[in-house]
Amino acid sequence: MELTAILYSIPWDQILIQTINGIVTGMILALIASGLTLIFGIMDVVNFAHGELFMLGAYIGVIVLATTGNFWLALLIATLVVALLGAAIQIVTLRPLLGRDPLTTILATFGVSLILQNYALWQFGPVARKIQEPFTGHFTLFYLEYPWYRLVIAGLSAAIIGGFWLFLKHGKYGIWIRATTQDRVMAQAMGIPVPWVHTAAFAIGAGMAAASGVLFGPLVGVNHTMGLDWVLKAFIVVVVGGMGNLGGSIAAAIFISLLEAYAAIWVSPAQAVIVSFIVLILTLLFRPTGLFVPTPK
Amino acid sequence: MTIAAKDAPLIAVDDVHTYYGKSHILHGVTLHVGPGEVVGLLGRNGVGKSTTLKTIMGLVRPTEGSIQLDGAPITGMPPHKLARLGVGYVPEDRRIFRLLTVMENLRTGLDRQGVTDEKKQALLDKVFNYFPVLAERRSQAGGTLSGGEQQMLAIARAMMLEPKIILLDEPTEGLMPRMVSQISNIIDVLHKENVAILLVEQNVPLTLEASERVYIMEKGVVRHHAAARELKMNDAVIHQYLGV
Amino acid sequence: MTKRTNTSYWIAFSIVLALLIIAPLVLPEFWRRFLTEILIWGLLAMSSDILIGYTGMISFGHSAFFGLGMYGAAAALLMFSPPNLWLALAFGLVASALIALFVAYFSTRLRDIYFAITTLIFSQIFYVIVFTWTEVTGGENGLNFPRPRLAIPGLFSVPFTSETMHWFVLAVVTASYLILRRVTRSPFGMVLQSIRENEPRTRAIGYPVERYKIVAVMLSGLFAGLAGVLYAVQNRFAAPDFIFFLVSGETVIFNVMGGIGTLVGPIVGAGFFLLMREFLSRLFGDQFPYLIPLGVVFIVMIIFLPQGLLGFARRWLNR
């Protein structure tokens, strides 16, 4: 085949569309995974309930939107409420386990995820709810009417992650979080109230998950099982990005989402998931400490 | 033999027992440090010197005995509260926050409630005056500093707490001789600032030079207690407990 | 272990076994099947105890081994006519062992926390594959197949009734228990426990820790597959739901509730969990979200009763 024929046979339009789609889901995934990474990095806790916090955020968004009609208010309230819930969960279930085998914390957060998921099923029923997007404008992208809202999600997620990064970098409590992540004992000896820093970090992670739930809600239905898919993806991202490495998680989130989006051009979305599994397997084979971490010297 | 501190003790450790899991490390340690006093804690490896400091700092919980700060009980108090009450801790492996810059390392102790910006600046100016090299490296990651610079940073970081006492664990370990003399200068400076120091060291001459009183530990208890001046002339005791 | 406690152990063992043998003769049909199911889930939980309790690795992917055992048995029962119990066993065990080898190879490369995550992800891979590969697996609806006869060629051949099913399952579970008990007390089992206590030290002494872990995962997967075969034979169907991660989660719950590192504990835990579920749904109706109260009990037990029901009972008896 001639080169021009090959170039013509590549569906450039679809690739561009899927690039945008991949970046949009990648940013949402990055927002979820950053919280997961933050929590893992600071207290060695793999938060199994992270997907359920995402799901509860979406549900609270549904409720607030139904009562006030204001999407942005829904985003704000869902974030705050789930952050508070996260703080309560950390205090009740994880604080007593501090100093025990970190594996017990996986068990505890798994228990929390079961409770939250079944609560949502019981409270809201199995039928998916819908969040109305705050605006419905479109622009033309080849043969598609592409919704502006999707781009807004990507932008907002990036803004939240950026704000979080600035907070970690320069904020007083950001420095406390980083110091505690590096050396819990020494942080305490410097007067940093480590138990509360843990609680705050968990609350921040929970709030970020909830925010992504509300932002993503309009694209899919909100139902009680929506958390599991995302937490699985976020787990893959966190492993591929290098456990506890924030930048790596963000890069991995976008990388994997793009790959899945491209794969979806040729196979069904359900099977496109396999692509991220393959990335995970290859990572475990060749670079088990993570793709996006600098090689240790 | 017993020599009382001049004033009421700043730190009073009374008959403290500490365990690591099942192993009994401290078998009833009793010692005290007066305000602004430099006190040495000597002994061979593994006799419980570091554990004594960790116990005072609240990093290890004693099973028996009591610890007081300024006459108030602090036994079992969480370390972050102790730090805010004015107990600074410089651990033996320094434990710099390696990924934080020098400035951020200092800020971990500076960003407390009730410290005005002027006060913060004054504290920073003071340590940068003592350790100009830290000022030079203020935006460099702590992990990239040399051993001696890390030791300075560890002490400077503790000074950010405006401590009444610093628990100083083997500050000269692994340092070059030039740095060792600098450490003893730092101790002198802290002493002039009226900061009490409980100094754990392997370096006997430095300890005897820097301290007013010295405790010698063996197998989890204090065996000997004397003025540093006295010990300098008593080679037998030093030989008996320290083998030097 | 002293001689006396050893004797009392075997006396207790015999009493429990005798009770379980008599049980189907006195229990009504529903509870007879219920008890058989407890034994099957108990075997699954017991298999995962090899990892959780003895090696210090939490598997969140045991549903994959269980489910593959099930589908392996299904393949044998559908391919051969008349359906043969022993072929079902062989197919199920081979399928689960292969999957276990695959999972073990990748998931033991990193430290324990990754193990929980990667086993979970791997089980979801198999779930997606089984769920979407409709031509072979029947997709969402799963597969239905005939039940084989309980037969030893040349000796006897009887159809399964709920009593013989129970006895057959009891025999398999008891044999598995005795084998696993033997394994955990063997030098191999001691190495596993030493990995649990201190992995770097075990490596430093010179044991190839990764290889031990891989064998442990395979052993565990094999017995989980065995439970899957039993379940398939008892219920005559295989469905992707059994590969879903919730089954793995319940397996972990059985372990924690019953008491990890005891082999019997997980069976007790399975019994406790299933009875509570039955009790709650009879009390409040089928729609009752029984996992909410059981989830709370689970968390409370992790925090306050890390030894599980069995450990608690043991301490209480020793008082």
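The letters A, B and C name the chains in turn, as written, and every chain counts its residues from 1.
We take it that a contact is a pair of C-beta atoms (placed from the backbone, for glycine too) under 8 Å apart; a residue touches a chain by one contact, two chains touch by 3 or more.
The structure displayed is predicted, hence computed values, not measured ones.
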Chain nearest the overall C-alpha centroid of the shown protein atoms: A
Leading chain pair when contacts are tallied as C-beta pairs: A-C
Relative to subunit C, chain with the most remote C-alpha centre: B
Between subunit C and subunit A, distance of the C-alpha-averaged centres to the nearest whole Å: 33
Euclidean distance of C-alpha centroids - subunit B vs subunit C, Å: 54
Approximate Å spacing (C-alpha centroids) for the pair subunit A, subunit B: 44
Partner subunit B, residues of subunit A touching it in the complex: 172, 175-176, 178-179, 182-183, 185-195
Contacting residues of subunit C [partner subunit A, same complex]: 56, 58, 60, 106-107, 109-110, 112-114, 116-118, 120-121, 124-125, 128-129, 131-132, 245, 249, 252-253, 256, 289, 291-292, 294-296, 298-299, 302-303, 306
Partner subunit C, residues of subunit A touching it in the complex: 44, 46, 93, 96-97, 100-104, 106-108, 110-112, 114-115, 117-119, 121-122, 228, 232, 235-236, 238-239, 243, 268, 270-271, 273-274, 277, 280-281, 284-285, 288
Interfacial residue positions of subunit B with respect to subunit A in the complex: 57, 59, 78-80, 83-84, 89, 91, 95, 97-100, 104, 107-109, 111-112, 157, 160-161
